[in-house]
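Labels for the chains are A, B, C, D, E, F, G and H, by order of writing; each one numbers its residues from 1.
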Amino acid sequence: MTEEIIIAGFGGQGVLSMGKILAYSGIMENQEVSWMPSYGPEMRGGTANVTVILSDERISSPYLQLFDTAIILNQQSMDKFENSVKPGGLLIYDPNGISHHPTRNDIQIFQIEGTKIAAEMENKKIFNMVILGGFLKKKPIVKIENVIAGLKKSLSERYHHLIPLNEKAIHVGMENIHPYQNLVN
Amino acid sequence: MAKVQGAIAVNTEVCKGCEVCIPVCAEDVIGMSDTVNRKGYHYAYMKNPEACTGCTNCGIVCPDRAISVYRVKVSA
Amino acid sequence: MEILDIIKPENQVFCKTKLMTDSALSYCPGCGHGTAHNLTMEVIDEMGIVEDTIGVAPVGCSVLAYDFMNIDMTQAAHGRAPAVATAIARTWPEKYVFTYQGDGDLAAIGTAETIHACNRGENIVIIFVNNGIYGMTGGQMAPTTLEGMISSTSPYGREIKSMGSPLKMTELVANLPGVYYVTRQSVHTHKHARKAKKAIQKAFENTRLKKGLSFIEIVSNCNSGWKMTPNESNIWMEENMFKYFPLGDIKVDGILKQ
Amino acid sequence: MSELKLMKGNEALAEAAIRAGADAYFGYPITPQSEVIEYLMTEQPEKRTGMVVLQAESEIAAINMVYGAASTGKKVLTSSSSPGISLKLEGISYIAGAELPAVIVNVVRGGPGLGTIQPSQADYFQSVKGGGHGDYKLYVLAPASVQEMSDFVEDAFIIAFKYRAPVLILSDGLIGQMMEKVSLKEQIPRLTNDEIIEKYGSWAVTGKKNRERNIITSLDLQSEKMEARVHRLMKKYEQMEKEDLRYEKILCDDAEYLIVAYGSSARISQKAIELARKKGIKAGLLRPITLFPYPKQALFELADQVKGILSVELNAGQMIEDVKLSVQHKVPVEHFGRTGGIIHTPEEVLEALEQKIIKNGNLRYHKTRESSIL
Amino acid sequence: MSELKLMKGNEALAEAAIRAGADAYFGYPITPQSEVIEYLMTEQPEKRTGMVVLQAESEIAAINMVYGAASTGKKVLTSSSSPGISLKLEGISYIAGAELPAVIVNVVRGGPGLGTIQPSQADYFQSVKGGGHGDYKLYVLAPASVQEMSDFVEDAFIIAFKYRAPVLILSDGLIGQMMEKVSLKEQIPRLTNDEIIEKYGSWAVTGKKNRERNIITSLDLQSEKMEARVHRLMKKYEQMEKEDLRYEKILCDDAEYLIVAYGSSARISQKAIELARKKGIKAGLLRPITLFPYPKQALFELADQVKGILSVELNAGQMIEDVKLSVQHKVPVEHFGRTGGIIHTPEEVLEALEQKIIKNGNLRYHKTRESSIL
Amino acid sequence: MEILDIIKPENQVFCKTKLMTDSALSYCPGCGHGTAHNLTMEVIDEMGIVEDTIGVAPVGCSVLAYDFMNIDMTQAAHGRAPAVATAIARTWPEKYVFTYQGDGDLAAIGTAETIHACNRGENIVIIFVNNGIYGMTGGQMAPTTLEGMISSTSPYGREIKSMGSPLKMTELVANLPGVYYVTRQSVHTHKHARKAKKAIQKAFENTRLKKGLSFIEIVSNCNSGWKMTPNESNIWMEENMFKYFPLGDIKVDGILKQ
Amino acid sequence: MAKVQGAIAVNTEVCKGCEVCIPVCAEDVIGMSDTVNRKGYHYAYMKNPEACTGCTNCGIVCPDRAISVYRVKVSA
Amino acid sequence: MTEEIIIAGFGGQGVLSMGKILAYSGIMENQEVSWMPSYGPEMRGGTANVTVILSDERISSPYLQLFDTAIILNQQSMDKFENSVKPGGLLIYDPNGISHHPTRNDIQIFQIEGTKIAAEMENKKIFNMVILGGFLKKKPIVKIENVIAGLKKSLSERYHHLIPLNEKAIHVGMENIHPYQNLVN
């Protein structure tokens, strides 16, 4: 199994840490993992993205053009990465702030109202966990308990009390991911 | 006696929602939109237009020069 | 009166100068660089000297100044803008030459070039944007970082004993005979921005009059590096930066203020 | 089993420096390697091991601080990226000339000039042909994974002290920025000052005590002495070639076509030869782990076996010269590489192998002549 | 006939810079080239032609001043010696990356480090393999006489502006310090500012007047653009190889043995082949005048004629790599050279030719393999 | 009493310190470097700290200081001695670390390293021999060359307009909080030499007490560069150099003298 | 009453004839030799020995430390 | 004809300019010339030397180990260069300040009291012209008028009034060079 994922959104949305938790979960399952962020001034306030690969073979290039899954969290990232999903691949996005919805019909497209849900749960910080939950619902490539183990690893001690909340967020996310039918076609 | 009335035009796609224009407005004219622009930023707008005096304070502190300011004399 | 009746070309009292290009600034929302750029270009525009102005961009967040300032510009290696400007001013004595530099660029790696261009009294303008941090590279400590201030290379706050005190480059160069005008300004409110603009204008007037070097420090925010919202960062700046880096003229017409 | 962590290459290198018992790090921020000093400042090795970490005012100050600490027998390193390394070259030449042990890390970005902050391998020439002035060489280690970013630090110090010579770890933005699993080594205790005086008292400047004075310099006003110094250096380099050459052969036993690549290019090329084999093309990969010394003999011998060789580098063609010097014109040697921060895909590499080597296998001499232009 | 003078190489170069119509010189003193700036300060070209001469605070300031003046289309040069050139490498890489015309002079002394102030050719690698970071090359001229120190200045400026690229004049302490007869060229008038705006207005930053703004930079945040920039540079270098290669063949027509040498080594080697011929040995000399581009084809062809080739350099063996890459293993190639500031005598060179080449002509392949170590 | 009765070991009241080697100094006759070397080594000797002293030689005439000072020394690249000393002091906090530098080395190419080592308040001693010229390379202009003074790169005298004013590096660094002791001395007469020696001793005492950086400028002659006899050069120095570079303490125990 | 008498010993091969020791000698003890040493320098010597007080002024200003100074108390 | 000469003495003795005048004289006779000084800190007060070559062929190396003629003006130079004279070659020296006289008997050795003569002529500056005269007496490789022409070239205008004095010095030198018989053998 090899899963090649791009996660893209704003700097503040916890894009990089979401990728990191996913990678850690992979390690918990003895998979090979790589995590390659975009870096440098384009992060300046604007978009951030990270390529995460989980595989049971040695990973050659951590840097990719095409992905099995794209998790897209703002319009700029949608413009940039909609066409980077492999045919038959998966595109998950949060409709919040999206003015131009995806139009491809050779891939599966799902929506998850991460921003809204996080707002309802009154904790912006768990936004990325909600999204992660949605993704894992569609691609259960790692077990939840390993995600939690990964969380423990990547969070510093003094945040461990937040783990239950994050776990909850993951489950909420799993329940709130819905297919998107674009009406264009 | 002639008083001035002002207005601002915000280039909503240029605005980055930094809000530094808000505290410099003595008349509390400026508010931030609920919706976001294409870049994902909430943008400035005149939440109470009639108060604007066209003093240009907002314009001069806007790093992105998203604001143009207009002013007219109106006789009361 | 209807807003649409007010928003008419003939009523316009303020808008972006044509000496700023239409490309969106690469700076974070609320970053002082944008205002500093605009004020500088407004001065060049109003003085009508664009045809004789050559700018030197640094390495720092404002490396892309040449994308935004609609004038001839060259981009200098990190810290070397004063040397680059020296050569341009020496070979084109009738031009208005200025550098636009950050605090890491000017006060760390560029210390020697800054001190010696100032000491030679080159007929240039140096615009020194001091945000107390290395913005572009992700918020590392700068020579100007305040005591106790947190940065990615002073994660527990700047400690004087091991990292030294914040460096007051501006006061330092004011001691050099070749330096004609030294002032410290800010651009975060309309009042400050208008004063800063006057200072920039005075500096370019000095160039016109071949008075030597004008050095304008602009204390500014780096809200990303400081991990605050723009307005928070401006308040923090007033309460902390201005204490250590007090605003005002330091040397005018070649005479030090006491 | 030692602890398994998920780390960036830059962080792994920084942690490895602490665990290797380094005494000091001096550096100046630059993308894509600033995480090295950021990690160290956060970890506070001063408290863990007593290691000194200082942000210098410039790369030049940093390399001369390295020179200073190395003069006293301390284990010291610095890191930077391409433009910063150019600034360090005078200092590096001094370290080589004064015969001091030191580790320098270059997390390469694309040049020339300010260039791009994206990954590149365009500093190969600078690294192996002696970017600085004078007759000297660097022992150059090229990590291809986060694990090697960690492992090579201790290796580098061992070589640096074995030869009293500067060692370069030549990484790039890809290896520096990516996160992978890394298993960290045990902490090696730092030497005490007494141990340093004990071990290196024959040359290090630690204060003249119970011995004649020590002097560290690279100056010889008498030409005979200077020539002797140069010969001493050359002897070291010959010994490095004999004793400390490192490389890896992948799928070479039956290879008909060979790719030579190091660092991140080697990772991508490995995928490329796997794809090639799926297509029935017998491709192999020679990965130089040390760029100086270079696996000349291994290449020379493989040249008897394969039909052609492709040098894959993230640059406009630099290592290809060493490949050609090794192959000694037995088979065609071509270059493939993207530049400017673009990272070639395994597919691109495979296509290049097919187009430049397999297809033109017969035009060999003509080809090599032309392509020897860069 | 133009005036005949007795001058030091450094002085001849300085006078030639004035006469070539240079607009500015920026430099920092260092032996053995300080006469360049001393001569200029004494001559006061500011009064003769309006040329600006400034002693910078350092080599780094000087090269960045060159960058600044070059950004505006001015004819500008700097000079230094080995350690100072190392310090200029970041700036040189910027000049190459930003595609600016500039002339850099290196009057080489022995390295590494502070080394010796005596003559050397140990900066060959640094000069031709791109001492600075990134994919770039310098057009390198190697004068072998005071006359060429004078003549090459104008040649260098012509190339610098033809390609908008940095040109290096690679001299050494011998050529720089010695006095010889030199016939000076006529004064070329400096361009007026209007002429500069007229000629170079398409790129130079002279103030935005009646045109879109000009920008000088070496930065491209988009990798595609950066790759395009690198390709543009590589095209220039290919064109240089086609159009501006320079070399000299001496007694090569019937040569059975060939010496390859440049600069001061070429002078000494010429005497050596004269001595050889007195002994009945048919020796010839190929003198590369440009080190990049390198006379590959000429060497490749001579390799069909001669039995062996000796690369004579005042270093531990650097140019020999380019000789080998050109010869493509047709005949044995060996290196001979003294280091540390010692200058080999014609007799030593002849003996090396006899010992390393003539005697071992039969062990060719074995030999070349071994000797490919350095 | 017969001279030979006086010249007996037991009557010896002055001779060369054993911390100077027997190799003949490479300096020109009457050059102040020799005296400065000897005074420094006499202090190290008298303080009994040779076993814990590490010296850093510059690039300049005194590059060979390591041949003459009979102590452990390392030779720094041109201008970088303060960086080299910083690393030694940081990794060997119990040692006495000093740099010995010329004015070209310290005030031109080494400006940034000097300013920042001073600003960090490194616990080192900087001995700064200011002879107003680049001696080693044959008498070129230095940042400290006086107005109108002739050198091989100011053959018609230093001109302020194009070459800048002589740089008072010592006054400059005195402004930095990290610098604890700053003084300007000379060694050309017995009175001056004895005072200079006391200053050097105070500096090393500061190191012992971990007070931070001590900066000692020694205004000295370069009779070769100045093209005078040694005694002429010393008189010229008193009449010209001392006017612009007045002798005396500038900062003592961290407090600036006004 | 006890007065002091001094003397200097000049290392004539080390002396470089710079003469900076002469002006600092209040007693005008030092002169320069007519002959030169191996390096070709005229070297210092005591032209009027009895005047020497052993004050060490000459020694401390001698850059090359070519002078050793001796002093004895002699009762008048 | 090729004449390879080393002139060695103190910095102050006009060694370099003497070589320069000789080289200029060569140019006047359309010979190839080279002038290669010792440079760098060893000049610091101490010795200076220059290698001058006059030839009618192109000169390869301006830098030599052995010389046809050595003109030696102080003891350090004697120690350094006595053995660099080719067998059968010429050694000319000023005995002033020479404690160890030359001992070779396979070369011609001549003395000239340059220092003494210059003192008598009350002008230290002409010392090197006296020596040059002595040399030209033994090796008339250039005509005196060309030496004068060379002098004109190398002296800046404002010193041309000194040329007659220098010419006189050359002639005095020619009359005062004497063979030296070392009594050791």
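Assume a residue touches a chain if its C-beta (ideal position, glycine included) is under 8 Å from a C-beta of that chain, and two chains touch if they have at least 3 such contacts.
Keep in mind that this is a model prediction, so the values were computed, not measured.
Common neighbours of subunit B and subunit F under the contact definition above: C.
Across every pairing of chains, the maximum count of C-beta contacts belongs to D-E. Subunit C and subunit D have Cα centroids lying 39 Å from one another. Subunit G and subunit H have Cα centroids separated by 37 Å.
Measuring from the averaged C-alpha position of subunit D to that of subunit E gives a distance of 28 Å. Between the CA-based centres of subunit E and subunit G the separation comes to 55 Å, rounded to the whole angstrom. For subunit H, residues that reach two or more other chains under the stated contact definition are 40-41, 45.
Looking at subunit B, one finds that residues 16 touch two or more other chains.
Each of the following residues of subunit E touches two or more other chains: 31, 54, 57-58, 60, 83, 90, 94, 98, 113-114, 117-118, 217-219, 221. On subunit C, the positions that touch subunit B within their shared complex are 1, 3, 5-8, 11-17, 20, 24-25, 27-35, 38, 187-190, 193-194, 229-231, 234. For subunit E in complex with subunit F, the residues that touch the partner chain are 28-31, 34, 37-38, 41-42, 44, 54-55, 57-59, 83, 113-114. Residues of subunit G that touch subunit H in their complex: 16, 36, 38-40. The residues of subunit A lying in touch with subunit B in their complex are 10, 45-46, 74-76, 97, 99.
Looking at the complex, you find that subunit D touches subunit F at residues 23-24, 26, 52, 54, 56-58, 60-62, 64-69, 71-72, 74, 76, 90-91, 94, 98, 193, 205-209, 213-219.
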